[in-house]
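In the two complexes below, chain A is the common chain; its partner is chain B in one and chain C in the other.
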Partner chain A sequence: MLSKIKSYGLMGMEGFPVMVEVYVSNGLPSYDTVGLPDAAVRESRERVRAAIRNSGLEFPAKRVTVNLAPADLRKEGSMYDLPIAIGLLAATEQIQNDALAQECLFLGELALDGTVRSVSGVLPMVIGAYAQGVRKVVVPLENAKEASLIAGVRVYAAETLKRVVDFLNGAEPLPVVPTCKWDRTKVSYPMDFADIKGQQGAKRAAEIAVAGGHNLLLVGTPGSGKTMLARSIPSILPELTFEEALEITKIHSIAGTLAGSEGMVSERPFRAPHHSASTASLIGGGQRAMPGEISLAHYGVLFLDEFPEFRKDALEALRQPMEDGSVTIARAAVRSTYPADFMLVAAMNPCPCGNYGSRTAPCRCTQQQIARYLGRISGPLLDRIDLHVEMSEVGYDDIASRQAGEPSETVRARVNAARQIQAERYREEGILFNAQLTSRMAMQYCTLDARAEALLRKAFATLKLSARAYTRVLKVARTIADLEGSRIICAHHVGEAVQYRSLESKYWGEIRR
Partner chain B sequence: MKLEYSERERDLLWLGFVLGPGAKRYEKVLSAFEGDAHAAYEAARRHDFSPACGLKDESLERIYASANERFLNGCFKRLQALDISAATIESPEYPNLLKEIYDPPPVLYYRGALRSEPALPIAVVGSRAPTEYGRKLAHTLTQTLAENGACIVSGLAYGIDCIAALGALAVGENPYPTVAVLGCGADLVYPAGNRDIYERIIARGAVVSEFLPGTKARPAFFPMRNRIISGLSRGVVVVEAAEKSGTLITVDCALEQGRDVFAFPGRITDLKSAGTNALLHDGQAKFTLGAEDVLEEYGGMRTAPTPISPSANALPPEQSAILRLLLEGERSFDELCELTGFSVPLLNSSLTEMEFSGIIKQSPGRVYSSI
Partner chain C sequence: MNRKKSGIQGEALALAYLLKQGYNLLAKNYRAERCEVDLILRDGDAIAFVEVKARANAAYGLGREAVTKKKQQNIIKVAQAYLAAYGMEDANVRFDVVEVDLAANTVTHIPGAFTL
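Presenting the complex of A and B:
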């Protein structure tokens, strides 16, 4: 009359084993769920009851107690439907092969007709369970591909409750999903660098930003192609490694944004939240401390269009994750740490009406309006964006330009080469690219020749650079030198790097009169 | 700051304090008392203003209530606290040129030093959001004028006004380089972002207003201020003005007051030059190419003109190629990229070097121009 079925729970990225205990005893018919269940778990009673009846099985008219152990951790989500149903059937001896039922891990939501529905977070749960010694899992058909990424786990795809029961009773085997090989040949990006006409300067800035892992700020009049450039950036990012892809998939699995049949994420994420986004949706949060946009953009691009229109508190909250590459969300009940190692690409107009500095359309903003608009981006935040670049207006000639731009493939080859150099240089520092250099490391690794030194000193005085901005210029110059394969930073590297800082003094330094 | 006021001045100022800005009302009241401000003061004490003053009852009540020494002393104390001086039209420091106009302000409040006869006062006016072309013109113009002893009169607004004041202040040897006329009380800075320039003007020139201290700027005040700008000056130079620009109000005032108007030509397709081009086209302004044309009108240059553009030959080949393009007109980064055929890294580093050598300038929109 007592059964125990294995399942799994999640808390942020990490999981914990959950034992679903079902006890059926004589007494007045009742049904209780204990073990800190949330609303979705408590409601499972109705789904389980209907699913069992509609699968042609018997729901006992007895006293049923369901316990989710350990009892002191909150259980959330609908994935306990299936293990509870199996436990109930085992406790009422409608399942004969107890040994098999106890060996497997069950995850899945039940529909009233007994169909097994997909749940979120399957990949991290299976990874966690594998580490705990589980070798057989029964997961919803739609999540099977995702679960099958883990070699060494037998993944059974459950379509309906009835078929799972038949499988456990030995009547009919469940299909075993073969271990999914990670396939990155099919990666195709919707945008290619070759599609962008003109904008040589901005494209070059994007290349440098990607090569050194720097954040990028695009400023330009409406229609100058900021969004298009940003969208094409994933196509020049270095290829994903298996470990990176796995981590991305884990986060997306938890957030439930994984496309059903995809299995593993194969391309770098590009997230473009609307500027009305709340702090919690950007950073992560909510009652269950779910990952936010910055975590969903992990190892990819977080694109914030209309940068100054974002809520100020939301923008300021970006600062710490940008520095740490991860974010810890603490709520009363849970505390989760999610990785958030993203490349920030921000785009903005130069003024509220967008035409400041345009040669074709008049700007209707007063200086105060412009100052207020620019003032929404705080200095510390601006300081964390290494490259600032202005997009030129695109004329008809550019759009109709005969010559095609460079394809992303070529750019990515250069990026990969530069990243290689950086990875080798920083092997002992435990960092991967130039943007991660601390100011101490920058002094050590950014060796300037005499002319570069002189130029930088001049830039420091002329542009009134802050000490922080100075380090940023140095890092960008390092990346430019790496792209060229030069060990030493020369004057022309510094010269180019300075161009990507000049915006600051132009717009923010002195609000122009 | 002025601390001593004569009896006559005190009477005239009292009338100014109670009546506020505006020449007409002041004139009317004063003429009702046959020019005797003290008589007006005494009449107010007796609550006995003649209907010839044409004042409303509530104004009269306020005036009567203010007709006492306590009020007057309070006013002076306040001026002193704010470091503001006041000049009546009869005061010795009141600018003589301003007296000539149709409706001179009866009282001028000022900070700094007001001069009745500044050497060659020239107003420089123009757009609040000028193009790089306008900035360049305004700066060289005011600097050359100030070097030749002129006093630049402007309105302390953003854009050309600021550039004009700064250009004049840049000339260290000019003892009285600039005067700013405000559309608010002389103790206030509008727009507030110009406080630093305001302070620098006070130190060497004057900030002037006809409005009572503490008066906040209002749209209606700016045309009133503009008549003082042109009234204080012998000539008005328009640097850049759009077709419907507030600058043109100053021009109208100047023409009414019989002042010379100068305008710089601009490209006929430039919106920001439409106003100046129209002035030139209609013959309302003198065609001006630089400070020399203005100075010629008032006795010529004292300093030799400065050479204009650097020679392109002394530079490295890629820099001189860029400079040659920019001397024809401003260019965006992408245009330069296409026209020169240079790679982006080369272009970027050349532009940086040129910017640091002070040959070229970058402005919003990533547009480069030669200096």
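Presenting the complex of A and C:
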């Protein structure tokens, strides 16, 4: 009258095995769920009851105790419906093949009619369970593809409770989902670099930023193409590696943002939250400490349009994750660490009316207004953005030009080549691209020749660079050299890298003094 | 017909029905803790605590709807007292509701109508 069924729980990115124990005994008929269940788990009783009855099976009018072990960890979510139902049926001997039921791991929510519904976080749970020796899992049909990414695990796709029971009783096998081969299907991008007229400088900066994973700030008058440039960045992003794709998929699995039965993410994410976004939605948070936009943009692009319009506290909260590449969200009940290694692309106008510095339209802002506007971007935040680019209006000749610019395909090839060089160089360090270099590593890998050294010394003094900015300039110079295939960083690499720092003194120089 | 009479008549009809189903009567109108349960019967290895609801017509809702949460709690209390008194705490217990339609003379039995 006692049964034990395997399931799994999640705390942030990490999981823990959960043993669902069901004990059915005589006595006053009752149903209790113990083992720190949250509301969704406690409510499973009603779903389980209805699902069992509507599957033509019997729900015992006896004393039922459901225990989710270990008893000291909080259990959240609806994925315990299926294991509890299976446990109940095993404890009342409606499932005969106990051995098979005990070998499998069960995850899934139940609809009242007995259909198995999809749950979030299946991929990280299956990865964790595999590491602990589980080789057979029964997951909802919709989650089957993401679970099947793990070679060595037999994935059974559960459509209804009845079919799972038939499978365990040996009446009818469940479909086994073949291990999903990760395919990088070519997607067509809505915007291509070739469509952007003029703006050679900004395009070059975007290429460098993508090649080294650096952060990029675009400052320009309205209509100069900041948003268009940012939105075409996905088309030049380097190809995903399997490990990167797996990690991105894990995060999106937890957040429940995996599109349908897509399985593994095949594209780098591009996240563009509106500027009214709250701190918690950007960084992550909520009662269950769910990942925020910065984690959803992991190994991809976080695009913040109208940068100064974001809430100040939201922007400042970006600083620590930008430095660490991960974020720890602490709430009363949970504490989760999520990776957040994103490339920040920020776009802004130079002043509230947008025309400051324009050759064609007059700016009607007062000095004070401009200072207040620019002042919303703090020095420390600006410091962490490696490339600052000004974009001015595009002239008539450029707009009317029928001559196509360089297509994204070509740019992407250069980016891929540069990433290759970096990945090779940092094989021992466990990092992938230049932006991830620590200051110690930067000193080791960014070797300057004598003229470059002299130029950087001069720039350091005139631009009044901080220690952080110094390291960041080094890293950008490293990327520019990598794009050229040069092993040593030369003067012109440093020159270009330093130039992407000059906007700070132009716009922010005065108001900070 | 007054309410008391209709209640007694309903209980008699319900009991007759259940005995015909092979149940054995253990107690009638068992009282404990200032509450009462209409019928206690044995059904195989199970003990059924039965609440009988008789209705002359459905104008005021069905009989089963009248077994409110409060009423259920009272029945559970009596059941606990009964099981303790006879040392049967480990028995297989069920709470049933029997609905009697006095106009049509029909009996509807709902086994396992509620749980703790």
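What we mean here is this: the second predicted complex is superposed on the first by the 441 of 513 C-alpha atoms of A that agree within 3 Å, B and C clash if a C-alpha of one lies under 4 Å from a C-alpha of the other, contacts with A are read in each partner's own complex, and residues count from 1 in each chain.
Keep in mind that, in the parts below, a contact is a pair of C-beta atoms (placed from the backbone, for glycine too) under 8 Å apart; a residue touches a chain by one contact, two chains touch by 3 or more.
Given the structure is predicted, the values throughout are model-derived calculations rather than measurements.
Once the two complexes are laid over each other on the shared chain, residue contacts for A:P29 go to chain C alone; chain B is not touched. Looking at the superposition, the partner that touches the larger set of chain A residues, chain B or chain C, turns out to be B. Judged by the touch definition given at the top, the superposed model places A:Q499 against chain B, while chain C stays out of reach. After overlaying the two complexes on the shared chain, residue contacts for A:E393 are found with chain B alone; chain C is out of touch.
In the superposition on chain A, A:K62 makes contact with chain C only, not with chain B. Contacts of A:Q367 after superposition: chain B is touched, whereas chain C is not reached. Contact with neither chain B nor chain C is seen for A:E76 once the two complexes are overlaid on the shared chain.
On chain A, the patch touched by chain B and the patch touched by chain C do not overlap at any residue.
By the touch rule above, chain A contacts chain C in their complex via residues 25-31, 61-62. Residues 128-129, 158-159, 162-163, 191, 193-194, 242, 271-272, 332-335, 337-338, 344-353, 355-356, 362-367 of chain B are the ones that touch chain A when the two sit in their complex. Of all residues in chain C, those touching chain A in their complex are 76, 79-80, 83, 89-95, 111-112, 115-116. The touching residues of chain A, when paired with chain B in their complex, are 198-201, 203-204, 221, 350, 356-359, 362-363, 366-368, 371, 389-393, 398, 455, 458-459, 462, 480, 484, 491-496, 498-499, 502, 506-507, 511-513.
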